[in-house]
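These are the structures, in structure tokens.
Here come two complexes built around chain A, the first alongside chain B, the second alongside chain C.
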Partner chain A sequence: MIGAIVRRVAWTALVVWFVVTATFAVTAAIPADPVKALLGPHATAETIARVRAHYCLDHGVVHQYGCWLDRVARGDLGESYRSKRAVTEIIGDRLWPTVQLALAAIALQLLIGVPLGAIAALWRGRWPDRGAILVAVIGQSAPPFVVGTVLLYLLAYRWGWFPIGGYGSGGWDRIVHLVLPAMTLAAFGVAYYSRVVRSELIDALGEDYVRTARAKGLPERIVIGRHALRNALGPLVTLVGLDLGTLLGGAVVVEFIFAWPGLGRELLRAILEIDIPLIVGAVLVVAVAIAVVNLLVDLVYLWIDPRLRA
Partner chain B sequence: MTARSPAVALAAAGAIASLAAGCSPIDRGPRFRPAGNTAPRDGGTLRFSVIEQVRTLDPTTGYDEMTNLATHLLFDTLVDFAPGGLEIMPRLAARWTVSDDGLVYRFELRPGAAFSDGTPITAAHAGYGLERALATPDSPSAEYLADLAGARDVIARKATACAGITTDGDRTLVLTLVRRNPALLSILTMSFATPQRPEHVAAAGDQLRRRPDATGPFELVSWDEGTRLVLRRNPHYYDPARVHLDAIVMLENVPRDTQFQMFERGELDTAEKLAAPDYLFVMSEPAWQPYIHRLVGMNAFGSRMNVTRKPFDDRRVRQALNYALDKRHTARLLNATTVPAHGILPPGMLGRDAELAPYPHDVARARALLAEAGYPGGLDVDYVTTSDEETQKVAGSLQSDLAAAGVRVQIVVMSWATWQTAVGQPGGPAFSFTSWSADFPDPVNFLDPRFHARSIKAADSTNDSFYTNPEVDALLDAARAELDQARRAALYRRVERILYDDAPWIWDYHRMTTEVVQPYVHYAPHAIWTRDYSSAWLDVGLDGAPVPR
Partner chain C sequence: MSRARARFVANRGAVLGAVLVIGLLGIALLAPVLSENNPLASDVEHGLSELGAPLPPSRDAVLGTDQLGRDVWARVVTGTRTSLSIAAIATLIALVIGVSIGLVAGYAGGAVDSALMRLVDLVLAFPLLLLAILLAALFREAELSSSNAPVFLTLGAVGWTTMARVVRGKALVLARSEMITAARALGAGPARILVRHFLPNVAGVVIVVAALVFAQNLLAESVLSYLGLGPAPPSPTWGHMLYEGRAYYRTAPHLVLAPGIAIVIAVVAFHLVGEGLRDAFDAREARSAGAR
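Let's turn to the complex of A and B:
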């Protein structure tokens, strides 16, 4: 077990290093000068040269990469060219809104998707199943910018039930601001989870152990809740893990539509402005987050399935 | 009919009713009306949003448009532009004198001018602010002060103090130049020229960008970066009668459509940079008309050509392209938010020749000029533009107009950063979109960087047409040394005529800004600073709430 964990941790570290180094190489290869992007069109050649030297951009890529690795080893991700703010500070500020949004979306996906899938499976072929299919088709085929815009228009602009955008000032206000972006982000997952749960539950209901449970005379709710559904939810562990990793990378469209100050939006801006320290720092954090979540999923599997420990 | 049908029917009816309610027409006119106060009313909070975010509150390194909106409220400068336009008026300096040779400026500070903690502002503070602009490594404004005696040494780190910045007692700042600079007062209106305290700068350290030492009408309350900036009235401001609002809230990173929905709902007091559908709606809705403010910006848009490379090294080709462009198309595509351009200087700018008409749309003339230049069958050119909605629209329009004159344009789209890097290089694109916005509204900030031979460098040239004309250089140098504004204007008008004929750009348009405000907001955008809410006031009821319409 310990050997398996050590192997997975080592792989995770290697993947993170590779992703970050590749990001550094790609940003360095872009034929755009971050200093010109920073200073704007008015900057004279003299000012550009001075600022380039200030940020060590007058050295070669290898030198810049060496400097960066040296800083990272000391826990310093550098400062954003654009705002002169420490990258760790910016990411620290942006990560929490993203985590809140990701957790809220995952919670909605589970709270709505699982019961919807279970209802569809238990009423297979009847109108609740057809209703669930309709919800799934809409949720899976409508892109977030459509779902977000429709929710924003109806629930916020027309009916005024929710604020139009922003992060809120904390507490209840934050929760109210979180509802629409979380619903938008969860729309696809609700649909997907419901289909997975439906399919798995239908399979489980045909298994021998369910027949045995029924033969023992267990009430139907116990048969379904304790035996069939519990087994049907296994694949969701992987799905939740993958989704959480993806969502921590930032939901750019949703964050943009709802003016949610998350990491995805910050990363997009950094890319547009060639703010290399921020791009590489954000990618590092996202890569670590995804890798850690995947690692946790692997470990959970090792825990629940002894066959994988070999 | 089965038992489940009523439930399905009920659900379907509910869904249809909901959608119908969502799609039914609504009154989108103003929700509020002015309360009817005849004199400015003190109090209240003005809320507005911006599409991007404020980068820093350090006046020395702040530069971009969003940052300037905040720094202009936080920092006063020695002089400022009068609300109506280009006239310089006193601000922290009560008065100033200029020596006959134009090389020595003496600014006398206003009694009562203070930082927001009540500490009086001295001439040394004003001088230190300027020295920081020279000495800070990533200062974008150092070159603007390079005419001060000793400034070059400070920029190059050969000196820490600038010989051209001295004080005469506590209240008089003396600036000594090595060569005349008739734009100096305009330059000193920018936020970087605000007085600063060395002890505050030292104490704040790398947090200076979050700890502004306010000298202006407002001071910082809180800044949740990228989300919300809150300012309140500066209790020690020297001119309290100028300020009416208690506070200003600036929401950051709000998309255009979200901004307008919030504005319509009454969650914002002003809205600017409207998305096209919102802009068209506002302009067509009679009830909003009294509350719309439009301004021609200090900018110019068009297409630059590298005049050293074929086929653009032939003036006739450049003129032909100017004749081929139909500016009405651009205007229509941009919803009539443009003013046709005949040159780089926008309307209202010193030296702009108002009698010079833009190139007319004349395809026959364009074809004739191309034939004269040796291209009777037209020509093929690449045109580089950026990935913005506006620039791509303009590029499409240009492509279609030029095709009518036999010029086949291949559009190449780059990111803004890549485009900006490429166009200033001699081997960069020969033909591309271009634009220019003034840092300070003086022809020297338009013509010298874009068309003087001095602005051509081995790399990163701001004169990215690589245009050289000794006559233009001589006229621009003469205008730089001329203190009499009428004579300066005459020199610049001559430059405009030459550039018009030499056509290093396809002159296209100047962009207008449009802002709509709630009926209770009393404010007019500043001709230069645009969204300057320093003196805005809210015509609301006695309870402080807007009066419903």
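Let's turn to the complex of A and C:
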């Protein structure tokens, strides 16, 4: 048990190191002069010297790398070229909207995807199954902006049920604003979860323990709910963890469509404006967050599945 | 092989996908013939309403016109060619990287194998779309912006991991087979064994994964284009049409729907073919390839 935990923590540390190093390589590879970008053409020689010293630009690559590690360890990710604000501060402002969006999407994926997959498995080969498969195929093949634009056009513009975009002012208003972006973001996951649940549940229904449960005379409701479905949902724990990365990537598009003031939209703007410190900082924070969440998922998995503790 | 073909033909979804794929390839090849209007020519006089707005579908323009008065059908048809060729080149890059790494890992085994597979895990630790967006922005900076190269290089560089994993799994089993022992006993060197014995035996799973990666690349190309990181204009790709049309979704939804539906059809088609091939070859090693 301890060995398994240590191995996973060490792996996470390696991933974090890799991400920090890769982001450094990106900054080092870019030909643009960060000092000029940060200070503009009219800076005094003294300011330039100070900034160059801060970013260790007067030394070799190895020294710059050490400097970068040191700064990251102290939580200093530099300043945005555009707004001159600290990158950590910008990310701090933008993180919560994206987290809300991702959590809402995961909730929708579970609330819609699991029943859809279960219905498909229980009515295997008949029309509910075919319908669910069709929904899944389209959901997995439609790009997020197509789903988003269709939802936006019909539900917001044509029928006026939801706002066109924006963040809302908290409470109920926030939830109303959250519905369409979350549905768009969840579309792929709903399709994916329903397929996984369908195939896992079909496998589980063929197992001996299901036959035993039925032979004991348990009502079908309990056989499926307690025995089969519970075992079929195991893989979803891993999926939810892996999904966080996909959701944060997808959030770039969804936040862009719905003017959601999250990290994804900020990152896209930074990329289009070549605001290197912000790009590097945001990618770094997101990748580290994903590594940590995956670690937590692994640990949860160790806890619920004793077979992995070897 | 013929049993696999029979299984593929018996699968209605797979056949539908194959028909759609052939249709798309036909459209891509015959693009100039299929539309008499020039996809790049803007016709301000006839292609726009009196107020200068895009026209809805009509007899002159089957799918309407866009904000510059260009024929949307002609652009969708031309876009088929660009979108499919970008996805094809990207898939080819991913295939070459993935198959090489997978074969070497599976053949060598041991430390080489675990090092290469850890590399795959590290790449997967990044959210792939974020990585693609980042790479696309970097390649674009690097003076490649006038071609489609930033897009397919990005997609190729990001999309090889599944291929590497699947090929490696197959190669690990092969490396322990009697066939390989026999080849070695006959004095065949590693290069000969890899090319003559491993490659033909992994071809099945490679084709399956390639079809699924192709579908993914189509999707990813459209996402990059939609965000403004796609191929440079004027060559119309479906994603770029969406990017240009997104501001008009209220007044002229056909600007978004036409390329959007084209993307969905193409992605569904390649998915169906890939999954049909997987079931036909019974390539269970490729099961995870349907995942993201």
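As a convention for this text, the second predicted complex is superposed on the first by the 267 of 310 C-alpha atoms of A that agree within 3 Å, B and C clash if a C-alpha of one lies under 4 Å from a C-alpha of the other, contacts with A are read in each partner's own complex, and residues count from 1 in each chain.
Just so it is clear, contacts are C-beta pairs under 8 Å (C-beta built on N, C-alpha and C of every residue); 3 or more make two chains touch, one makes a residue touch a chain.
The shown structure was predicted, so the numbers you read here are calculated from the model rather than taken from an experiment.
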item: Partner chain in contact with A:G165 - chain B first, chain C second, else both or neither; value: first
item: Contacts of A:E207 with chain B and chain C, given as first, second, both or neither; value: neither
item: Touching partner for A:T246 - first (chain B), second (chain C), both, neither; value: second
item: Chain B versus chain C as contact partner of A:D93, first or second or both or neither; value: first
item: Which superposed partner A:A45 touches (first chain B, second chain C, both, neither); value: first
item: Touched partner set for A:D76, first chain B, second chain C, both or neither; value: neither
item: Touching partner for A:R85 - first (chain B), second (chain C), both, neither; value: first
item: Contacts of A:F256 with chain B and chain C, given as first, second, both or neither; value: both
item: Which superposed partner A:Y153 touches (first chain B, second chain C, both, neither); value: both
item: Chain B/chain C common contact set on chain A; value: 30-32, 152-153, 157, 256-257, 272, 274
item: For the chain A and chain B complex, residues of the former touching the latter; value: 30-34, 36-37, 39-48, 50-51, 53-55, 82-86, 90, 93-94, 126-127, 131, 152-154, 156-160, 163-167, 256-259, 261, 265-266, 269, 272-274
item: Chain C contact footprint on chain A (complex, rising order); value: 14-15, 18-19, 22, 26, 29-32, 137-138, 140-146, 149-150, 152-153, 157, 188, 192, 195, 245-246, 248-250, 252-253, 256-257, 267-268, 271-272, 274, 279, 283, 286-287, 290-291, 294
item: Chain A-touching residues of chain C, taken from the complex the two chains share; value: 121-122, 125-130, 133-134, 137-138, 141, 215, 219, 222-223, 226-229, 239, 242, 246, 249-250, 253, 256-257, 260-261, 263-264, 267-268, 271-272, 290-292
item: Partner chain A, residues of chain B touching it in the complex; value: 4, 7-8, 11, 18, 21-22, 26, 52-53, 55-56, 58, 61, 63-64, 137-138, 140, 142-143, 155, 206, 209, 224-228, 251, 253-255, 258, 261-262, 264-265, 267, 415-418, 420-422, 424, 435-436, 439, 445, 449, 455, 457-462
